[in-house]
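In what follows, structures are represented as structure tokens.
Common to both upcoming complexes is chain A, partnered first by chain B, then by chain C.
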Partner chain A sequence: MKQRAIAIGIFWVILLTVLTLRAPGFFAGGNLRDMALSNAPALLVAVGMTLVILMGEIDVSVGSQFAVATVVAGLAAKSGLPLGLTVLVTAIAGALLGSLNGALIIGLRVPSIVATLAAMAFWRELLRWTTGGAWIQGLPASFQWMGLSQAGGEIVIFAATALIFGFFAWAMRNLRAGRGIYAIGSASEAARLAGIPVAGLSFSVFALLGALTGLAAALNAMRFSEVQPNAGAGLELKAISAVVIGGASISGGRGNLWGTLLGAAVLAVIAPSLTFLGINAFWEKAIQGGIILGAIVLERAAAGKRSARAH
Partner chain B sequence: MLLTAAGIEKRYGGVRALKHVSFDLQPGEVHALIGENGAGKSTLIKVLTGAVQPDAGTVELEGHAVLNNSPSVSRALGIAAIYQQPQTFPDLSVAENIALVNEPGGLTRKVDWKARREQAKKLLAEIGSDIDPDREAGTLSMPEQQIVEIAKALGSNLKVLILDEPTASLTDRETDQLFRVIRQLRERGTGLIYISHRLEELGQIADRVTVLRDGETIETRPAAGTDSRTLIRLMAGRDLSAVFPKRVVPIGAPVLEVRGLCCEEAGITEISFDVRAGEIFGIAGLVGAGRTQLAETLFGLTPADGGTVRVAGTEVHTKNPREAIAAGIAYVPEDRRSNGVVGELPVRANTTMAVLDRISSMGMLDYGAERELADKWVQALSVKTDGIDAPVGSLSGGNQQKVSIARWIATEPKVLILDEPTQGIDVGAKSECHKIMCDLAEKGLAIVMISSELPEILGMSDRIAVMSKGRMHGILDRADATSEIILEMALGAKA
Partner chain C sequence: MRIENRAGSERALVGLILLEILIFAIFGPNFFTTGNAFEIVRLGVELGLLALALTPVIVSGGIDLSVGSMMGLCAVAFGYLWRDAHLPVWAAGSCTLAIGLAGGALNAILISRFKAAPLIVTLGTYSLFRGIAEGLTRGVDNFSQFPPSFLALGQGYIGGIVPAQMPVFVLFTAGFYLLLHRSIYGRAMRAVGFSPSGARWAGIPVENRLVLAYTLSGFTAAVASLIYVAHLGQAKSDAGTGYELLAITAVVLGGTAITGGKGSIFGTLLGLCAIVILQNGLRLAALPAELSGILTSAILVGTIAIGRLKSAPPKPEIDQAEDEVKNSQVAVLSAVILAGALIVAGTNVWLVRSLKGPETKAASGNKVVVGMLPKAKGDPYFVSCKRGAEASAAENGVELIWDGPTDVDPAKQNEIVEAWITRGVSTVAVSVVNAPGISTVLRKAREKGIKVLTWDADAEPNARDFFINQATPQGIGSTLADEAAAILGNKGDFAIVTGALSAANQNEWIKYIKQTVAEKYPGMNLVAIRPSDDDRDRAFAETQTLLKVYPNMKAVIVISAPAVPGAGEAVKQSGRKDVKVTGLSLPNLCKPYVHAGVVQSVVLWDTQNLGYLTVLASKLAAEGTLHAGVTSIDAGKLGKLEVKGDNVLLGKPMVFNKANIDKFDF
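Moving on to the complex of A and B:
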């Protein structure tokens, strides 16, 4: 795990060094800030995704959840709801969508990949149908940047993201629930026998991912003066990639949030660095895919070594 | 001689599963192979079918040594095995199941459906069956599926057929149906190896009987004129060479009182027994007798639907593990790898997994308290580890088992249920686990020990209950128990 983090860190530093030499403009303050700002919501989703993956599950519907939550945020803001309430309503909407996944997966024992794949298609299409693809415009001034200056709004978004990330990084180590998530992902039957409330905890993690996705959608929506219903396209890929690149085992039980942070940082840099290095942006997904594949192969190889040692 | 196995040796880690075993089979013979759990029957079958490689010894078929044996080699030579649970593909038709291993050609050949169906019909007819080749295998009854498997084996030049407890879940009528097929195969000159716990059947169907015990061939004799009692004596008789660190400790008041416990889901009926403080209560029985199911019911995994359970005088109704833990019941499950330790987590986290509430307040873990608790139990049970932060997966099997036990003692239970506590661990670790059990009993714990190893049951228990078919058939005092009596009760033989 540690070696892995170091390897990713080195890769990241090399990428940044190349950028420094080839495209010094990359490090212009504004560019870095934009990059961080547009990736902060994805990091929040990746935090929730880390928990889901640590449990040995997956949720591919976060992109669609994000889109639904974005529209909810837009409608709530437009209806004149106060800012705090708008954020709360959006987070709750996300939590409901996550709970629905949780109910299917834990209650009806639908495999998570199937349940969330269905949810992904369902919410996306439902949204397309109801909104007709129309943007929600004319949001109140008190919504964009929370009614602050752009700089002020940005600071709030950064602070919220950092606070939430920090809390979960702490919680996974220091809360009983965190220990429970690791135990479930590693050996769920053993966890159940040890009296860990496996079903309740698993359900809560899906709901939590939904809530974080809703919150991310609200923070993201505040950056613009209008809301588009196709937001969050490809977010599931980004979030899952960040977790996997961060060294978490896709079969659960291994990984941590600091790895996810590194993974998200690597992913955040790839797209803009291609632009700066003059490489066709079509390569972005291919490179992203290559890194994910590499990360999984590394993880499997390490797992193979571990199980060889145990025998 | 059709098949000869000579001087077969097989070791699994530190355990010698087969010790110089010899076995032979003539054409047209039904040769029964019997022995208690762990006697080495399954391992011998695996050697014959090539599923495992023996460490020493030879297998000869029709006078030719079988070299580089593997499941596909043995099948090609005409050795087939049929197990208690048929291995048919439920979603494929009978004809497809039969064709699967028999039709020549690669993956890209064109299927001749008509020929496939006719071939299936022909093979089934050979053993007097008229099962429709177009039926899905999943819709067939258990013996019908066995017949399909026999037909499948017939299609590939069957010489030796191994039947591993084929009648265990058959009704009497179905058994007769299977016996008819067996007799037809015998006429054909096929050699049959027949494994069964139903000793009373052997007189009807077997020509010779070989008894295995502790991985050794004890005796081969004609089945005619050998009664169940003799067979049981041969299966059980052993010099109790293994020394158990059993200590006599004062026995106190009843701690666990079970009365008329029933659970339909678990398949256990009307179970009553007491376990007193300081007592080790052994539960013996064959695999599938309902011993683990009883433990799971007591632990709340399959809540009981009748009867009462009292722990230290208080009636408890456990509906899940948490309630059981709170009631003072701890359960060290069998199958350490999937139910016991959590390999990815450190020794420390594994030790405290069932007592997270004691090392946390308001949901927050107290790492100091955790280390203290883990250190205490790791030392008390002398777990050999690179420290409490080492992942449990890096420990040896015996030490993993100790961590698993530590987790449950850490709950400070009144009743400790151990399910196959020393399965698959080496002799030294076994003895240490036994010593730990005695120490715990001395401290006044009521211990329930489920074990398939008769020496362990006899050596460690103060009293012994024998289960079969989900019922408890009697409780023996340590002084009265012998392996013969236990086996008789476990097999349900009226000797």
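Moving on to the complex of A and C:
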């Protein structure tokens, strides 16, 4: 599946070259910073999603989890909880939602796509029903940027994202749990026989994805001074696309976080680069779909060539 | 892989459906009638076709996420072929079906020849098909005025009672039943779902069977799309949004294993019934639409989980269950349908005898019942309208039913009005998403003696009695252009951040903004239009990019309530003091940004008064005080309001700025 990441990488370089020639302003420090900030929460979710997909499972409920966690963050801050605690409570709320998925999937053996499809509708609709779409306003002034200056807040978001990404990129190669996830995705029964606690580890990965989604929601909410309850619409597609574009196999066992980073980076530049190049927004979705399909075809072509050489 | 007792899970589903029918027969006025039974069929056809097509796909161990987007692409293609290529309807329809086949074949080839996972391929075509539809129409184009002979396919009745699309659905059900249960192809798909390599060893041409499943899926989506267009009377790029998830839910609820190898058309029909009856029943019982999503997902997980709990802990089991539909099951199905029909017919006779007339206004005595329909329930703008409507209902002794789509689905509004017609209400008040789409249903409501009002956005004038006119699109467009001109000093660059690209209202406003600029402000230049999908965070990111790409752009017009604070935040964080935002939003959402000086002004009318007036006018219309020829009405706390022709005028749009915004709380 390396070929897919390479195919995408080639596409990315072409796009960046076009941007260098046609719209050099794209690479101004300010623009890169803003794009990275806007996409940092999605990257955090994609990190968790990578682990889930490496296990051969999927979670389509992260967008709804993100919305619930965002509202939790708003309510916690409004109730006067200190900011550190607010972030913690939000991450815990996310972890609980993730654990519930995990319990259904591992405990009751409901297929993950079914369980999380149900969770997606359930939490989104429950949130709509209870909040009626009302925003949470009048938050303490210190909510935005965690009481720091704008630059300080941005640094915190960057640092947290980079730290978490770096840790997992390291852990997937070096920790027993990380290798265990690959083992489960390759052959779950073999992993169990090899002494890997399959059930416990699988459950933890779903809870972890929830916690990362909650943390992402908290960090995202703190870029603003008010909380909107319909946050995270379409986040599940964005996260899954990032993982898949990055070369992970949807049936598990193959892929890595650097691929996901590449996938997230490609998705992040599409919308802004269209604006920079003056291309109409109406073609955005078609281009996104075209990239995924193009990657599949290129990957296959590359793999075909290689196997022809081997013969 | 274990085989569960499928007959057991189907019995449970039948029980569930009967329970739903029982509950809604008690709590949903006019739920248990022949007319409503056929209405349910009509509403379920598009979704049902997709679910039928997805059954073989899922049985073969795959999935197709692109069917909803395919409906959008086919709707648009049909519109172009008929209107712009001047093809006759049958030819345009045939070409559309060919496009469906081609799209399905694209999925099929990528999955079978390129060996890519179905989830990834169809995730790609999910974006691609919708993207092409949006790109071709630029989100704006909207095809309508199809010939009545075509519309009859989606709106007509055969013999006065059977919906016209029913024969199509029956045909496809039979076709898919034969394919999956009575042919070697279905047998092969099942084998592929169990084990592709095993199937290959058994001599099954795995690739060809997969090609068949996915191509059929694309074709059936095209058929569903044609019926959808005929049903709504309108073809637009957003047709079928979100249908793929509901269709998958129906299939899985019907006992088809998402991992493949096992499933039946009969089960899919049951799953479909459970979902559609729940949606319809909740509407008739005037319960919030969100409950349908909540309950459906609970039922979905519940049925599977209970099945797992009942079955023994995991241990290898020998396949004993015969996976074909037995004749005994067919007999049970026929018996259930027959019994259901008898009960419904019997009750109908009883109802007609006891009521001696139309079933409307059965439930609530003399109290006026007003069904009020916003464009979308979660939108802060409509949340604010609702507050005014509720206050008015309490003050004027009106029973208010407030319901609307929870997400962008133009078909939902029609379904809700249909449900209210069946339920029986005194007045329907609609904020219209699609004028040509909903007008047929509104005319039907008027025929049944229900008063029809429109508010916020109008339908076709002959489809309603009165329009509660808060401000015309022209008034809004020109006011916004004036505000931008004031920011720019009549010349310079500005950009527009809109809601969804295909949102009808927003596109109307953009048209008038452009028109006003062309006529009054030749020095002003529109540099870009970007979508926000009514998401504050996306509006924020889009505005950030605009600020960098167009350094000379000094004004941003934002025409989506949640997007204005997003754009304001982007300007604020950029530190640019020379750029200002104006737009259409709620004062409460924008106060901090207006005071910070980044949002120059917000244009809107008093939304709570709009809700208040709509409910009051609905009551007056139902009681006959508001009728054709009236020139003014006494509007309670709003005083005397002018009625001009068939428009009740609320007043001009207001401009909120630093000076006055704190006086308003909505």
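Heads up, the rule we're going with is that the second predicted complex is superposed on the first by the 286 of 311 C-alpha atoms of A that agree within 3 Å, B and C clash if a C-alpha of one lies under 4 Å from a C-alpha of the other, contacts with A are read in each partner's own complex, and residues count from 1 in each chain.
We take it that a residue touches a chain if its C-beta (ideal position, glycine included) is under 8 Å from a C-beta of that chain, and two chains touch if they have at least 3 such contacts.
Being a predicted model, the structure only gives us computed values, none of them experimental.
> Looking at the overlay, what does A:S186 touch: chain B (first), chain C (second), both, or neither?
So A:S186 only meets chain B here.
> When the two structures are overlaid on chain A, which partner does A:N174 contact: first (chain B), second (chain C), both, or neither?
first
> Compare chain B and chain C by how many residues of chain A each one touches, and report the one with more.
Greater contact footprint in residues on chain A: C.
> So, A:G253: does it touch chain B (first), chain C (second), both, or neither?
After superposition on chain A, A:G253 lies in contact with chain B alone.
> Using the touch definition from the top, say if A:W135 reaches chain B (first), chain C (second), both or neither.
second
> Which of the residues in chain A come into contact with chain C in the complex?
Per the touch definition, chain A meets chain C at residues 23, 25, 28, 30-31, 34-35, 38, 58, 104, 108-111, 113-115, 117-122, 124-126, 128-129, 132-135, 137, 150, 220, 223-226, 228-231, 233-234, 237, 240-241, 244, 249-251, 271-272, 275-276, 278, 280-293, 296-297, 299-300.
> Per the contact definition, I'd like the list of chain B residues that touch chain A in the complex.
299, 301, 320-322, 324-325, 331, 333, 338-345, 349, 353-354, 356-357, 360, 363-365, 367, 391, 393-394, 407
> Show me the residue ranges of chain C that touch chain A in the complex, using the header's touch definition.
63, 110, 114-117, 119-121, 123-132, 134-135, 137-139, 245, 248-249, 252, 257-259, 288, 290-294, 296-298, 300-301, 304-305, 308-309, 314, 377-380, 382-383, 386, 406, 501, 528-531, 533-537, 540-542, 544-546, 548-549, 562, 565-566, 569, 573, 588-589, 592
> Help me check something: in the complex, which residues belonging to chain A touch chain B?
173-177, 179-180, 182-183, 185-187, 189-197, 253-254, 306-307, 309-310
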